[in-house]
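Here's the structure, in structure tokens; my notes come after.
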Amino acid sequence: MANKSEARQKKILVTGFDPFDGQKVNPASQAVFKLPDEISGAAVIKLEVPTVFGRAAQVVREAIIKEQPDCVLCVGQAGGRACLTPELVAINYDDAGVPDNAGQQPVEQVIQADGQAAYFTQFPVKKLVSAIRKAGVPAKVSTTAGTFVCNHLMYQVQYLREQEFPQLKAGFIHVPFVPEQVTRRPNSPSMALATIVKGLEAAIAVIVEN
Amino acid sequence: MANKSEARQKKILVTGFDPFDGQKVNPASQAVFKLPDEISGAAVIKLEVPTVFGRAAQVVREAIIKEQPDCVLCVGQAGGRACLTPELVAINYDDAGVPDNAGQQPVEQVIQADGQAAYFTQFPVKKLVSAIRKAGVPAKVSTTAGTFVCNHLMYQVQYLREQEFPQLKAGFIHVPFVPEQVTRRPNSPSMALATIVKGLEAAIAVIVEN
Amino acid sequence: MANKSEARQKKILVTGFDPFDGQKVNPASQAVFKLPDEISGAAVIKLEVPTVFGRAAQVVREAIIKEQPDCVLCVGQAGGRACLTPELVAINYDDAGVPDNAGQQPVEQVIQADGQAAYFTQFPVKKLVSAIRKAGVPAKVSTTAGTFVCNHLMYQVQYLREQEFPQLKAGFIHVPFVPEQVTRRPNSPSMALATIVKGLEAAIAVIVEN
Amino acid sequence: MANKSEARQKKILVTGFDPFDGQKVNPASQAVFKLPDEISGAAVIKLEVPTVFGRAAQVVREAIIKEQPDCVLCVGQAGGRACLTPELVAINYDDAGVPDNAGQQPVEQVIQADGQAAYFTQFPVKKLVSAIRKAGVPAKVSTTAGTFVCNHLMYQVQYLREQEFPQLKAGFIHVPFVPEQVTRRPNSPSMALATIVKGLEAAIAVIVEN
């Protein structure tokens, strides 16, 4: 276990989207920047990505080239969900109910003409859920990342992996609204930022130890 | 405004129930004991009450006699709600879906034969909601405290007020599950303890300033 | 059982509100007018009432005077609920989130200055729920009729009973949206009109047999 | 438009699952067998399929060979959903939370080792949704068919199409519980069988006209 190649510290790139759809905050990027710089011995590189079809993937690709991470975890907001949801799969399909932050609103579009219909994450989603719950945070596996920029980025990172970075492991976790976003939508579930951060830490520990 | 009688510090008694129905914690009592000892200049007296029909009210009555508070705020858990809910009204009706902590399970019972059909709170519930929201915490007015020990205690305190303590102002706030309680019920909304405490503080500030 | 006084046929007045808040239909009045003219031997008198504070109660009062019913069942729409909900209690409190059909929007108003804080229904709500379920229709007891015209009318009929018609038995059942109302709100529960009618019939059978 | 090749009547095979997980009925098969035998000029062939991994697909394959349909629409129950949901995509992944009707409970299994990660339906799901809504029935596109036998069958039919029946168009619609299934789960949405049938008819009209 102590040979030279293992002496290199593992590295995980964790991305969070900027606010979109008129929101002032995005709990995804807020949570990402509250993560510690090291989890289970791995270096945690944090990156905010624009909520923009296409551009989001370019920004992540540049960071992968620069940082050479072992894993990429993208984090996004899923308003209306009550718990953390590691995503199982991303599909080759953009369909935006609202414009992205560059005003784009693709309808029923293929993301990559030569990409697969879908890509599964390399992360063990059930283990992630167990670890998040053990940390006291509600979680369940999700089988849809939607059809907006979240699914888009999850798909694009997998496509990049297939095309350029075959060693990479990648995946996505959706997080709920924070309470501040839903003070006037009192029936909408939310989760405190500190709870989200705790859950993400537990998930990242599993990711970097696998 | 600066006469002697006003020199006395205002006092609010805040109660929270102990765990019931197989739960290990009750966010109500947990939150109550995390409140500061003074809010907006008023002394905050904290009390855990048993989740027991009848006994809950006796414990609060003894504390009222001992502490002579200006206000009594009772706090209880409403599993499944996503926000803080100041209660408008308590009804003269016990009907327990599960046993209380003494094994009692009243069915369609009148609480006080000579009590009113219902009592409204003396607290300005809409102002409470506004203040809680301003603190960044989701809230809405509730028009039913249910038919379990929460409604029972809210009713009983109002009955005591009518019978013995006419100067008292009293009311009730329901709080959601904390995340730890619903890790395996991932569709159930929850709220972090710190968020609950922040919301209760904002509500208490309004109560003691009115 | 066959004496003269019992020779008179029982009579139940069943009311339903007209559409409000921009809706084209109100499943309450639609369902009421689809009821048979006789249920369990009792005559069923059907009446549409305006969704208007005050006026709704006058219309029902006139019908009570004219028809001399044994029972009055008022039916209203509770958008967002998934099942039929017999109401336990009405409170002395008007607070309208939207204007009624006359443009009135009372805020935190007492309905009757000399009325009780609340009135309980004379109907056996749990038996109603059992009978509705036995007919294959989801139901549960509700402990709040809200603070709009539904609660208002339920309260007012009880107040009339107390003041003028002490023999009367009265109560309220809320019904869900029908599917046509929520085609574009696909997460909102709804219930087919035929299902609502079947559930109301089962409830009315219990009411007139008690 | 009246040439010989078009003289042949279009044919759609519509399948519904049998009851599973302790339920006495399955609204999917109930609804399928209430469909008319002809919709928009196309013959409607109805088939009940067992809720069994593997076997469900064999039964449908045999029916495709026998009936030579132009389209295959599979219908399944999605308890908890409030509306009809045409499915966009099926994924190569079985993961059963409960046993199927043969006692099988696959965990994180690939369905077809040489199959694609996912297959998109050939049906225009947004047009289906529009047509269902126009018929007065709530609907929305779903981007996940789950990981139980429903997704399995949708995936398998697409795989069969790829391998054996390239002319085929195929897809899946999930339907809610019927009211009889949730009388004691009153917060669960449901939909009357007649409403489900009306919605399926509207969808099938679009499918066979495209």
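Think of it as A, B, C and D in the order they're written, each chain with its own count starting at 1.
The rule we apply is simple: a contact is a pair of C-beta atoms (placed from the backbone, for glycine too) under 8 Å apart; a residue touches a chain by one contact, two chains touch by 3 or more.
Quick caveat: nothing in here was measured; it's all calculated off a predicted structure.
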Starting from the defined contact criterion, work out which chains touch chain A and chain B both, please.
none
Taking each chain's C-alpha mean as its centre, the one farthest from chain C
A
Report, in whole Å, the distance between the mean C-alpha point of chain C and the mean C-alpha point of chain D.
39
Taking each chain's centre as the mean of its CA atoms, chain B sits from chain C at a distance in Å of 32
For chain A paired with chain C, centre-to-centre distance based on mean C-alpha positions, whole Å:
49
Quick one: which residues in chain B touch 2 or more of the other chains?
none
Looking at which chains touch, is this a line, ring, star, complete or other?
ring
Which of the residues in chain B come into contact with chain A in the complex?
82-83, 85, 132-133, 136-140, 179-180, 182-192, 194-195
Within their complex, chain D touches chain A through residues 88-89, 91, 93, 108, 116-120, 126, 142-144, 146-147
